[in-house]
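Chain nomenclature is as follows: A, B, C, D, E and F, assigned in order of appearance, with residue numbering initiated at 1 for each chain independently.
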Amino acid sequence: MNARTLDPAHHLIEKEPYYEAVGDEILLFEAAWRQQIPVLLKGPTGCGKTRFMEHMAWRLKRPLITVSCHDDLTASDLVGRYLVKGGETVWVDGPLTRAVRAGGICYLDEVVEARKDTMVVIHPLADDRRTLPMEKLGLEVEAPPEFCLAISYNPGYQSVLKDLKQSTRQRFVALEFDYPSAELERRIVATESGVSEAVASNLVRFAQMTRNLKGSGLEEGASTRLLVHAGKLIADGVSPVSACKAAVAQAVTDDDDMLKAIQELSSSIF
Amino acid sequence: MNARTLDPAHHLIEKEPYYEAVGDEILLFEAAWRQQIPVLLKGPTGCGKTRFMEHMAWRLKRPLITVSCHDDLTASDLVGRYLVKGGETVWVDGPLTRAVRAGGICYLDEVVEARKDTMVVIHPLADDRRTLPMEKLGLEVEAPPEFCLAISYNPGYQSVLKDLKQSTRQRFVALEFDYPSAELERRIVATESGVSEAVASNLVRFAQMTRNLKGSGLEEGASTRLLVHAGKLIADGVSPVSACKAAVAQAVTDDDDMLKAIQELSSSIF
Amino acid sequence: MNARTLDPAHHLIEKEPYYEAVGDEILLFEAAWRQQIPVLLKGPTGCGKTRFMEHMAWRLKRPLITVSCHDDLTASDLVGRYLVKGGETVWVDGPLTRAVRAGGICYLDEVVEARKDTMVVIHPLADDRRTLPMEKLGLEVEAPPEFCLAISYNPGYQSVLKDLKQSTRQRFVALEFDYPSAELERRIVATESGVSEAVASNLVRFAQMTRNLKGSGLEEGASTRLLVHAGKLIADGVSPVSACKAAVAQAVTDDDDMLKAIQELSSSIF
Amino acid sequence: MNARTLDPAHHLIEKEPYYEAVGDEILLFEAAWRQQIPVLLKGPTGCGKTRFMEHMAWRLKRPLITVSCHDDLTASDLVGRYLVKGGETVWVDGPLTRAVRAGGICYLDEVVEARKDTMVVIHPLADDRRTLPMEKLGLEVEAPPEFCLAISYNPGYQSVLKDLKQSTRQRFVALEFDYPSAELERRIVATESGVSEAVASNLVRFAQMTRNLKGSGLEEGASTRLLVHAGKLIADGVSPVSACKAAVAQAVTDDDDMLKAIQELSSSIF
Amino acid sequence: MNARTLDPAHHLIEKEPYYEAVGDEILLFEAAWRQQIPVLLKGPTGCGKTRFMEHMAWRLKRPLITVSCHDDLTASDLVGRYLVKGGETVWVDGPLTRAVRAGGICYLDEVVEARKDTMVVIHPLADDRRTLPMEKLGLEVEAPPEFCLAISYNPGYQSVLKDLKQSTRQRFVALEFDYPSAELERRIVATESGVSEAVASNLVRFAQMTRNLKGSGLEEGASTRLLVHAGKLIADGVSPVSACKAAVAQAVTDDDDMLKAIQELSSSIF
Amino acid sequence: MNARTLDPAHHLIEKEPYYEAVGDEILLFEAAWRQQIPVLLKGPTGCGKTRFMEHMAWRLKRPLITVSCHDDLTASDLVGRYLVKGGETVWVDGPLTRAVRAGGICYLDEVVEARKDTMVVIHPLADDRRTLPMEKLGLEVEAPPEFCLAISYNPGYQSVLKDLKQSTRQRFVALEFDYPSAELERRIVATESGVSEAVASNLVRFAQMTRNLKGSGLEEGASTRLLVHAGKLIADGVSPVSACKAAVAQAVTDDDDMLKAIQELSSSIF
């Protein structure tokens, strides 16, 4: 077993993560970071937001601390809490505090899933004040200029109950992400899964067909990540049709008619 | 009383569990496991998903740790918590952590039933990172290549509130399960309950009739498990009609008309 | 005051509880018990399910541990918990654990009322595994062959929110209970309340009339238990009409018109 | 300040509480008590249910322990809990346990208001078993024959969410209470408030008029208790019209038109 | 900083609070207090209920303890709780207990806002028993004759979920409050804010105009308190129109049209 | 890392914060502060309410303590609590208590987001009493004359569940905020972002166009803060169209059509 402590120094990314820019997103992120404005990443599942953050962290030489937000995530989960260890009470910094102290990048993935009290610690970090209130320690920590707060959300999924409030979103510069171009996506799939350019090309064609089904009963089309999954299964000896069924069709829908339609698409290609 | 500790070593399955493949599910599972992609099992109640997992665990020689998820299952239930034992505070690993440390297979049955914070521990385990964050210990555990995360859900039951989010399901390769073929199901029922081939054959015919009632007021037809129950009662001396009523009809519905309809089906066969 | 510890040995039933079989329910229960399949009892309030369980426990010479389930019943209430007693932390088994350890019968009355995490401890006990996970002790207890899990529910009352899930109910053999025949019910009422056969006969006639009102504004007709109550009041000197009003009419409804209708029924008989 | 411990011995009622029977409710209560069947009191606010219980407790020479139920009342509130006192953990019996141990009468007022887990401690006390499970102490207490459980509820107020389940109410003999006859009510008002028979007679006439308004926009008419309030204000020098307004009209409604209508009724009488 | 302990002795009001009676409310309160019947104050925001309580407390020479009720106010907040102070557990009386012990007046402002378990401590104090159950101390405190319980609520605001139950309100004598007469209100505004009689007179005319808008889109008209606010701003040099806008118009509504309408009213007067 | 304790002395603002008055808001705030009436700030996101508070705190030479309210903010979060530090229990003042003790300004941003029990600590501070009840310390703190309570809310966002109750809002003098005039906004944008007057002028023209879209599918137009963001990106080398997209368009909406419309507006200007 390989365990490491949560010291941000261990979160420095040493090898350049493979990322190919779609537009001016790298330029914009760097400008926002220099101007100390926090960044909001918008876009569908599996289109590369997390990979983009890893790339930017490597590029800016900042440790990256990622938190997947969820219904029960509280402010204490982010800031830290007192824990009883071996009979003694010790303070343990949460991931947001570790990122602030280290001047790192804190990436809150799907932030609208978190409980509402997370906003109280994000707000003063996300405006001019750039401070993290730590009520329980009686301290207020000022974020160094290198610190960067980034959050993501998927506009397609939000309900009325789980929307980003204007008073929150207007604190951020927002970057929109979408699926990469066919040419770029082919390169990504081939590189990451190990299949040939030809197979990768077919997988991308297949993905585009499924994306056209969005709105006709499909919640989301096949993401780049799913193509990489299918590619890996193919590279491991699974037939392309079977790989597309398990890695793509069954992964995006449970609807029988839709499953058949997607299967026919893959059969027409492979 | 026979009690054993929760040490994963005790979860190695030594005798081959009886399982007959329906399609290429064994091949696909093995490829996904080698490629370190987590697996999602879809399908109705009692059609063999749990048995399949036992079979794969035996085949891959990995300990299997199964967790039946439910409304109140929290991340701490999976990861572990500090407990006070004899006046001292000790950390106790949860089942997911035990599986990660042992390089075993962790099978989360009906994962959508769990509380939403379970996702935060599943997500980093289910993508490239393959890490288990243990905030309370200040550690992050890297899963060994042998570790495998598998989850199941029954698409027929999910409501809007309890659906698998796209951001979760698109991290998995998905395998669909259904009732076995008549020939195969007959063999399973005879082997597991001890009734004759003839009786098993009749039970399978009866099950197929009930499955045709699905959608006409029956939520689910008789599963293979229910046929095994009926077979065991018959082998124990209960009359087939009475066994079908207690083990199948009353088990799948409370509706008086439906109960009569199913009883007539069994009377017509036995 | 008479207090006894919760040791299962004190739950052995030494005197045969009065029970008259309606169909083959005794035979089926014994077969299911020998085959180690758990049992689900379905039927209306007060028709003898609890008495049947007492009878079977006496017949099989197993201690019976009954738990009335409710909205706030958690898995810990069933499995056990650490309690602080006189400054020391001691583990206290819950009723389900006590039943498993003693190889007894655990009867969970109205199981759908319990919180959802109860299912997680019931599921592994209710299938092939027959194990009780005790996470907090780091143990997994294997149920001895004598152990039997039985649950009850009243199909007439279930709402969408409180239904038994297919994945739960398909683990059980199900027995349906209903009111006993007139002849049998007369014997029960006379035996248990001490009234004459003639009075018991009139009470049963009265009950049947109220049962015909079910669906015409009455949620449930008079159960056998209510007849026994009325019989006891009569045996204590209360007039039959007054006893029927207090023990039956007022007990089943609050509706003025329905109360009058039921009173007229009893006046026409007594 | 006058404080007494909660020892049931202090709850013996030594002076006969003034109560005049309306029907055979005293007879029925005594029979149910001798037969060890619990009792359910139904009826509107302020019509004498509590006074009846005090009278029966005096008559049967049993201590009376009354609990006003509410939304947050839990089983622990009734049974007892461990409390930390001066650094030591001591068990403190709840009111239900105190009543069981002392063989007293436990009166749960408006029981449907309590949380659902109260039912789990009431059920085994309310059927043949007559036992109080005390899981936290590992004990089960058998109620002595003198113990009596009584509950009340007001059928007019119950919503779907707060109704008494059939499985609960069918364990009780039920007594219905209503406003007393004019003659009787006059005597009660004069005796308790100190006004003359003539004034009491007028107050009763006034009350009856308000009760006729029930259903025409008034939730409940004036109860006997309100007449006693009005009588006390009059005896203290307040004018009858002013007393009726403050003690009756304003107490039963906030509706301006209804207030005027009730004021006109009192003006027409006084 | 000026801090005082919560000892009721510090809550005796030594200087007569300015209050001018509208009707016989002082007489009625005194009679209810002598007769030991609790009092319910009904009426809109800011019409003088709190001031009336201060006046009565001064007049009866009783300490006044006021509690603003709210959604999360529990019985423990009122009765008291064990607190850990410097390593020791000490009992701390809540405000209701302090009032009972001191024979003071406890005023629960907007009582329907509190959680439902508050009712369980109010009920036995509000009827013949006049006792405060303190389960956690194992005590029951008898209220001295001087103790008085008063509660308030605003009938205009109550929803179905937050209404005063009949079983609660029928325990109280109820006094209705409304805006004072023009003459009286003028005197109050001049006295409390320091403006001239002429300005006060105009403010009262303005208030009456806004009160006529109630029902035409305005939830409540200007209360006396708001007129005092406006008067204070005027006395401090703010122009009357600007003071009416900030202290009255913006305080009662957010609706643009309504704001304009109210502004026109004030412009027409000043 | 730069951390400071929460001592209010550290919250004195030494440099004049840039603020240009729109109307008589400074005059009104000063009068309300002298008259010890609390202040309510109303207005949309990012229009300068927080900056106004910083300016007033500087002007009045009072420390400013700001709390961003949220769903889970409790009274204890504001008043303080006992914390265990190094084995000892110490009391830690909350931000509201610190402000009261220091005679500072406590600004509760978006107060309606907080839990309802916050109101119980605000109410006695917001009327004549001007006291802060600290039940857990058994103290009541009197606010010094210099203390000022200010709250904000955005009328456009409130739902029925999250509205400011009349009984709360009628305790405050209310100031309305809106976007500044074009001339003033141009100066603010140029000063704060570093762009030329010409670019700032264009950004303001762009903002006004987006504000006209409010009601046609846009929840809120571009606030001044967003213009400053766009200006900073432009000053850092990002093209104006790209900066308007990331800092304004993507920040205010997710709707594709609306995004295009806003992009066309910026293209027509730059």
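Definition applied: contacts are C-beta pairs under 8 Å (C-beta built on N, C-alpha and C of every residue); 3 or more make two chains touch, one makes a residue touch a chain.
If you want to know which protein each chain is, UniProt gives these names: A, B, C, D, E, F = ATPase AAA.
On a predicted model such as this, the values are computed, not experimentally measured, just so you know.
Traced through touching neighbours, the fewest hops from subunit D to subunit F number 2.
Mostly differing positions are employed by subunit D and subunit E in their mutual contact, as under half of the interface residue numbers are shared between these two copies. Taking the mean Cα position of each chain as its centre, C sits at the greatest distance from subunit F.
Centroids of subunit B and subunit F (each the mean of its C-alpha atoms) stand 52 Å apart. Inter-chain spacing, taken between the CA centroids of subunit B and subunit C, is 30 Å.
The centroid of the Cα atoms in subunit B and the matching centroid in subunit E are 60 Å apart. Under the contact definition stated at the top, not a single residue of subunit A touches 2 or more other chains. Of all the residues in subunit B, the ones that touch subunit C in their complex are 1-6, 45-46, 50, 66-73, 77, 83-87, 92, 94-95, 109-110, 113, 154, 157, 219-220, 223, 225-226, 229, 232-233, 236-238, 242, 246-247, 250-252, 254.
On the side of subunit B, the complex with subunit A involves touching residues 24, 27-28, 31-32, 34-35, 37, 40, 42, 74-75, 82, 88-89, 100-101, 115-117, 119-120, 123-124, 127, 133, 135-136, 138-142, 144, 155, 158, 165-167, 169-176.
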